[in-house]
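Next, two complexes with subunit A in common: one pairs it with subunit B, the other with subunit C.
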Partner chain A sequence: MRNIASLVFSVGLAFLLLVIAAQLGFGHTPMVVGTDILAGAAQDVGAANIVTAIVFGYRGFDTLGEISILFAAATAAGLVLGHRRAGAADDPRGGLILGAGAELLFPMLVLVGIYIVIHGHLTPGGGFQGGVVLAAAFFVAVIAEPSKRVNHAAIQVIEGLAGAAYIVIGIWALVEDGSFLKPMLDHGVMGQLLSAGTMPLLSSAVGIKVGSELAGLLAHISESEAGEP
Partner chain B sequence: MVWITLVIVLLVLVSSVAVLALDSLIGAAVASSVASLGVSVLFVIVLAPDVALTEAAVGAGLSGVVMALGLRRLGLWRLEGDRGAAHPLTTTAERLAAPKAPVEQGPTEGGNRHA
Partner chain C sequence: MIPFSLETILYTCAIGMVVIGVFGLVLSNHLLRMVLALSVAEAGGNLLVVLAGYRGGAIAPIIGYAAPGTLMVDPVPQALVLTSIVIGVGVEALAVAILIRVYRAYGSLDLRLLVERMQGDMAKAAGIPRTTSTHAPAGERPLPPIPVGARHQPDAVGHLAPEVQS
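Entry: the complex of A and B
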């Protein structure tokens, strides 16, 4: 019965996708908004990386939705995982290779993460990607030395401030110019680090928020006690 | 360039099948990370470096770690020395070999999985 149900589901899904694929001309997008953005992004927001221009400029409100979803997911995971008993045993230490590797990798990963975050409007990347790299940097340190406790209160404060900064920038644009999260400030010279108006600020806020959120979540999962087999 | 693409597509396909076929759950998690890494190289080839960065950081990096930690939380995978005192010089190789090591009591990993 279950097999038949899944067969019907797969056939239906394949049919749906085939119909959609047959309707689309290969290599031709049915929407014109992409062409418009490509033509006008350089004048509108002044960012060299058009993907970031869309994420933080044209679709800033969607990005706010995305970070809210991530926040809800991290909160739910924290609720499900529960608290650690006081006397629970720590994981074994990571050993020589992992320890030395973590010490070597940590500064490099932090540097790469910060670079990706603050150059989001110039080179590929942006707040989300750089934030994940930052979270990975801190998590490598946790794996190598599991007995060290992560300061969850500090992480939550940083995360909350970064999320609030994103909304404050949006409200500032709303008060100043009449639309929420509209790119503000001078565009500057395209290609310079300080250009594209508020976009580097939004990117940094998202980067710090995603980084601290994921680092706290990973630390929480790894701190939770191993289950009984 | 065509050959690079073909080799990587093959790698992605093989590792995706390995996710389904492997008996060891931690092996399946690693295979899914390898598939994501291959897909991120494909994204670079089709000139989508932003997506490639996301795929490499989230798909190959974070999701593998989250799956491994989840397996550990469910008791399907143990680090060496989880029970008893930790040896100070446990190497990465030993930790990777941990799922093969017999657990002191109770069913083995494979038995538990099919139970």
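Entry: the complex of A and C
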């Protein structure tokens, strides 16, 4: 009975979504905003990657809300999981292949993560994507050697400083130019590493914040006591 | 007749992922599978939003890779999906954290087993026999069969013995 009901519900949902999709003209976006942004982003923000220009420029305030949500999720996960007991058993070690792989991968992942973060305004990427790669670099090491302890206090300090930097840049723009998180500084030559004003700074702040936040979150989950319920 | 085109394939895939996710969410009895189904549905939703910005023959919205004036896809849905993916990661991590807590407390993530054990715990805490809990059907109807994996003998107050860990 329950299976039939959920089947009917799913088929109905599929039908509803297909009808909505059929109403949309594929390939002819009805939105004006995107066209306007594509036309004006080069003058407004000066970033070659328009997606990053939207995330940190046009929708910078929403990005602030987004990193707050991520912060709330990380804090809540830490609260839910709680502290380890003193004598709790660790997960088994990851083995030779994972251990050697983690040591090999760590510098490369950190390098790629930093590259993606600081080139966010030029190439596909940005603070969020690079931050996740940075978090993965630290998390692989934790999986390979579960008895290693992550310094959660240091992670929280780094994360708080990065989040504060994002807000300080926003308030600086508010004081200088009258609107919060407005892109500041000289746009420079488009395509150069030091261009697009405050965009690389915001991207780096978000990258460090997301990276430390996710690394702390994943370390919390992997450190939680498995085994005897 | 629906035309068999790129549009149809892409939209069908995206909607299919949403439907598969919802179907798994409703049907599965295991909490971890429900989280996985949720992430499948979320991926389908993200795909739908990105598809809304599609333009035929357009390039990625990055200036400098093609001659000025080349048609670009709509960047707004991509920025929205970027937000949505990051929030999805946060939500899933929180869900997994709660699942770890649930497993630590009840020793299982199977919903039927969980309901049994929670009922037993509640009855024990209230000091009443299990049969008076509101979960038992009223009147003459028989109790629903206990799933195969959950056949434990309840003790005097209806508290189930913990599952034997292999």
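We take it that the second predicted complex is superposed on the first by the 206 of 229 C-alpha atoms of A that agree within 3 Å, B and C clash if a C-alpha of one lies under 4 Å from a C-alpha of the other, contacts with A are read in each partner's own complex, and residues count from 1 in each chain.
Definition applied: contacts are C-beta pairs under 8 Å (C-beta built on N, C-alpha and C of every residue); 3 or more make two chains touch, one makes a residue touch a chain.
For clarity, every value in this text was computed on a predicted model and none was experimentally measured.
Engineer: For A:Ala162, decide between first (touching subunit B), second (touching subunit C), both and neither.
Structural biologist: The answer is neither, since A:Ala162 touches no partner chain.
Engineer: Taking the superposition on A as described, I'd like to know which of subunit B and subunit C A:Gly125 touches: first, second, both or neither.
Structural biologist: first
Engineer: Touching A:Ala173 in the superposition: subunit B (first), subunit C (second), both, neither?
Structural biologist: Touch status of A:Ala173: no partner.
Engineer: If you tally the residues of subunit A touched by each partner, is the higher count for subunit B or for subunit C?
Structural biologist: C
Engineer: According to the stated criteria, A:Leu17 is in contact with first (subunit B), second (subunit C), both, or neither; which is it?
Structural biologist: Only subunit C is touched by A:Leu17; subunit B is not.
Engineer: Which partner does A:Gly95 contact after superposing on A: first (subunit B), second (subunit C), both, neither?
Structural biologist: Touch status of A:Gly95: first partner only.
Engineer: Applying the document's definition of touch, where does A:Ala136 land relative to subunit B and subunit C: first, second, both, or neither?
Structural biologist: First partner only.
Engineer: State whether A:Val51 touches subunit B only (first), subunit C only (second), both chains, or neither.
Structural biologist: Touch partners of A:Val51: subunit B and subunit C.
Engineer: With the two structures laid over each other on chain A, which partner does A:Ile37 touch: subunit B (first), subunit C (second), both, or neither?
Structural biologist: So A:Ile37 only meets subunit C here.
Engineer: Tell me the contact category for A:Leu70 with respect to subunit B and subunit C: first, second, both or neither.
Structural biologist: Touch partner of A:Leu70: subunit C, not subunit B.
Engineer: For subunit A, which residues lie in the overlap of the subunit B contacts and the subunit C contacts?
Structural biologist: 49, 51, 81, 124, 126, 128-129, 132, 214, 218, 221, 224-226, 228-229
Engineer: Name, in rising order, each residue of subunit A that touches subunit B in their complex.
Structural biologist: Checking each residue of subunit A against subunit B gives 49, 51-52, 81, 89-98, 116, 124-126, 128-129, 132-133, 135-136, 139, 214, 218, 221-222, 224-229.
Engineer: Okay, in this complex, where on subunit A does subunit C touch?
Structural biologist: Residue positions touching the partner: 2-3, 6-7, 9-11, 13-14, 17-18, 21, 24, 26-29, 31, 33-35, 37-38, 41-42, 48-51, 53-55, 59, 62-63, 66, 69-70, 72-74, 76-77, 80-81, 122-124, 126, 128-129, 132, 190-191, 210, 214, 217-218, 220-221, 224-226, 228-229.
Engineer: Spell out the part of subunit C that touches subunit A in their complex, as residue ranges.
Structural biologist: 7, 10-12, 15-16, 18-19, 22-23, 26-27, 48, 51-56, 60-64, 72, 74-79, 82-83, 85-87, 89-91, 93-94, 96-98, 100-101, 103-107, 162, 165
Engineer: Which residues of subunit B touch subunit A in the complex?
Structural biologist: Counting only subunit B, the residues touching subunit A are 49-50, 52-54, 57-58, 61-62, 65-66, 69-70, 72-76, 78-82, 86-92, 94-95, 103, 106-107, 109, 112.
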